[in-house]
């Protein structure tokens, strides 16, 4: 049996039910099958597909990625083919694998979110909908919604009204009080909290005196954001009992454990896919060994362990 | 002539007048004289002293510092001897050096800030007062004020009423909209904006399952935060014409230039003091060489250069 | 596509910060075609660095690169017997001579890499092969004998005239065609700095010569999942296709596929 | 205090991941006193790593350390002729025998370093010197001949009994004093793991023997500016003095200065 299928790794909290806690973060694993030679979709508890919008989007002008300070800044800007081609072309090819599918949905208006949800609900082809209100790389909507509890409440409520598919909310770290956003979402029917998206960031070439990214600003991710992400997971755990998907800078099974101890129920890997494409398998293996060594028999015992020492 | 005294490096914008743009960030250079054998106070345009409070403070339980993800998390918690011993014991010894002195003031109530300002105003021994509303390491006040525009307005207004000493506001990066905080401060008489303080962060030891810091949470700083800090300087520049002191992860003269291009008028070095104590001298030297090479004759031409390309 | 910890068979310092490394990776060696690249993990640098496959020898592949920054400098310091972590072969758009009768190859600097592989791989093909290889000076024109062997005509061009013609490789190409005008069945293949590529493409398109170009861009994954490496596309069918991924639709593309105006503005 | 790029004179691997390095730094060598430490930049690790000065030989100093994590492992891989960036000498609280008649030194593992320096530095002093040096096993008891030479009595203690007495060094100390009871003019100096230090301090204080202890803590600057390295203080005059900086008020402090309850809870 592959580690990824070890029953001890099952996640079963509220609406979050996964065979293992490792998720591919949206935008960093395409549509799940591109890298199957080296990173098989079935290594994952779930795969979050690249963010989609109602209409096709060109995305931002390149360069779209730059490596700085031990991490990367990206400004992809939600390039995608739109919802109409999504189910047929992106979801279907992944359906035959034993992994859950998460659609990451985006909008420049609240109605965009509702519209996409309608479409996804019609054919019920995805297992989860992740409402992305935290993309720093689009001019309208995106993170502007995620910073505003009222907008979050409105969008979550509207999406909830359209579907019974379990709903995740993807949060931006760039807020004053993440608890406020979480409560606004929870009051309106969100099922799962997913955090963090990238930090707004800029890098400038001092010789050309131009920003390194075509779009000036991008989103910072990778190992450097981990300690801040752990803090936000801790804060999220303090704000809600909902299942939490923790991410931001995970590059090893040790990092995954740290997120779990801080309060995450599952974790997602983003940037590190580019460095070690087989990271999901490695994390699952590491988690199994950790559970052996530390005599944990369920993942739930690890989730929030440290948080509970100081909060119960 | 030492590079630090090169007249081209002078900063002269609004109330910010320094012989060169390099400042020691509060809390990372003690009271300015401890390291004079290797980092002479006169290398600096200004020295921001360790944060002070009305009464002496014990600070947080150790461990207070931990190295993670290429940066550090600290939870010093404003250990200091209080305002009464401050001027005599901390400011006076530094007075004989040709550098500006910045008092970094902190409070658990707004009145604390007013009280300290009164004391500082009485003997007018410091050149600037930096109102720190962004310390993540104290239970009351600190960053709680800095996240709330109303609290910021109230504190700045009260402090302003007490003194003509130029006032800086030290901002936390952990806010939804830094412009909102800046405007609240500007409307109430702030002279200079200083950013960023540290990011709230947590690190957990997966073997002991305990946080690595005695105080659980600390503030993240050092090279990893730079791209996010550059973004916030850019946003601050978009929100105000006041002089801006940029900091967060500066470890070289190249980093300093990047902050200037993004909109800073001066810069501060924090964490990197622990790595290269003579960093201030190196930055001033690097800036002079850069100005030669790129044919800049004043620092003001560099400040905001890149920002202006996209905003004017 | 495979991720492999490959043992380094040899490292040759070619001078002027250029290096040639051979690494043992049977699967990649077996499937490699001209245009394919690998993505190499370079020490403490985060993102892998893309490098064209330069040659295949049995179960080893060769790479030819210049130590530019942190990543390639790390690579340059490897020694035989050490291991490197490689992802490859990557890329789907490859150099493809099809039924071309005369293939004109234009290489600038390390842009020689995929073209060298093309020449070696298609040594016995029917097409006539003419190479223009430009570099700063004589010290940075490598593999001269092999290149002369593998081509029908071979022109070296250096900026200072220290070897071959003096000037830029695109000028030399233009001069050549002034004498020997374009023919049916001509095909240009090119790889090199963007300034050069720009000239080559305009020339090829103005003369109606099909042109395959191997481009570069900042890459995240190299495998099509991150959408970082994109190039502006000519005549996209819809907005989602305004940019194409260089890593999976390239790195070699028909020049017609590129929105030249946008692309050259960008670089 | 000086920051210097010091050339490494020699690197000795002592076995079991213990190393001895000598580096040339005349200023530091000249001013070094027992208890002083240096702060070493260790490759790509951010914070400098504090290490006690173990010995001084002409214009060189010696350090004796165990490769524990990233920083010390990097250091262990240095070679003679390479350079390291050192800050030192650091510390103000030092080992000081004053008018002690009998100095009892208790070392655990690499905690030997400052005590070794004390012994060497004070070789000709009037005090009688008795060393208790504990380690896991015979392989990790180093410098045996030198230590025997420099002391009046020298006890090696190993956890597995493979050299000297079997057990823990604090037990051995206690046993010694059962036979030879404390005298006026006794002074204990100790450095080692916290578990050991705890025992030594309780013993010393219960017997009313003055005790100088060299502590460790996480350090930021090593120079007194960051307030990271603090230790809980006994009887602070005011809140601002509840903790003292180990880097400038230590690393050697009188055990009476430490709030033992807090400190041992913490470590």
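We call the chains A, B, C and D, going by the order they appear; numbering starts again at 1 in every chain.
Everything below uses one rule, namely that a residue touches a chain if its C-beta (ideal position, glycine included) is under 8 Å from a C-beta of that chain, and two chains touch if they have at least 3 such contacts.
Predicted model, so just to flag it, every value in this text is computed and none were measured.
Asker: Which chains are in contact with both chain A and chain B?
Answerer: Chains that touch both chain A and chain B, as defined above, do not exist here.
Asker: In terms of touching chains, how many steps apart are chain C and chain D, taking the shortest path?
Answerer: The fewest steps needed to get from chain C to chain D is 3.
Asker: So, comparing C-alpha centroids, which chain is the farthest one from chain C?
Answerer: D
Asker: When the centre of a chain is set as the mean of its C-alpha atoms, what distance in Å lies between chain A and chain D?
Answerer: Roughly 48 Å separates the two chain centres.
Asker: At what distance in angstrom does the C-alpha mean of chain C lie from that of chain A?
Answerer: Centre separation, chain A to chain C: 36 Å.
Asker: Pull out every residue in chain B that's touching 2 or more other chains.
Answerer: 70-71, 223, in rising order.
Asker: What parts of chain C, by residue number, touch at least two of the other chains?
Answerer: Counting only residues that touch two or more other chains, chain C contributes none.
Asker: Should the pattern of chain-chain touching be classed as line, ring, star, complete or other?
Answerer: Contact map by chain: line.
Asker: Any two chains that touch count here, so list every such pair.
Answerer: Chains touch in the following pairs: A-B, A-C, B-D.
Asker: Please output the residues of chain B touching chain A within their complex, sorted ascending.
Answerer: Touch residues, chain B against chain A: 68-71, 73, 147, 174-177, 199-204, 206, 209-211, 216-217, 220, 223-228, 230-231, 234, 249, 254, 257-258, 261-262, 290, 305-306, 309-310.
Asker: List the residues on chain C that touch chain A in their complex, please.
Answerer: 1-3, 41, 45-48, 87, 217-232, 236, 238-243, 248, 262, 266
Asker: Help me check something: in the complex, which residues belonging to chain B touch chain D?
Answerer: The touching residues are 27-30, 34-35, 37-38, 50, 55-59, 61-67, 70-72, 74, 76, 79-82, 85, 214, 222-223, 271, 273-275, 277-278.
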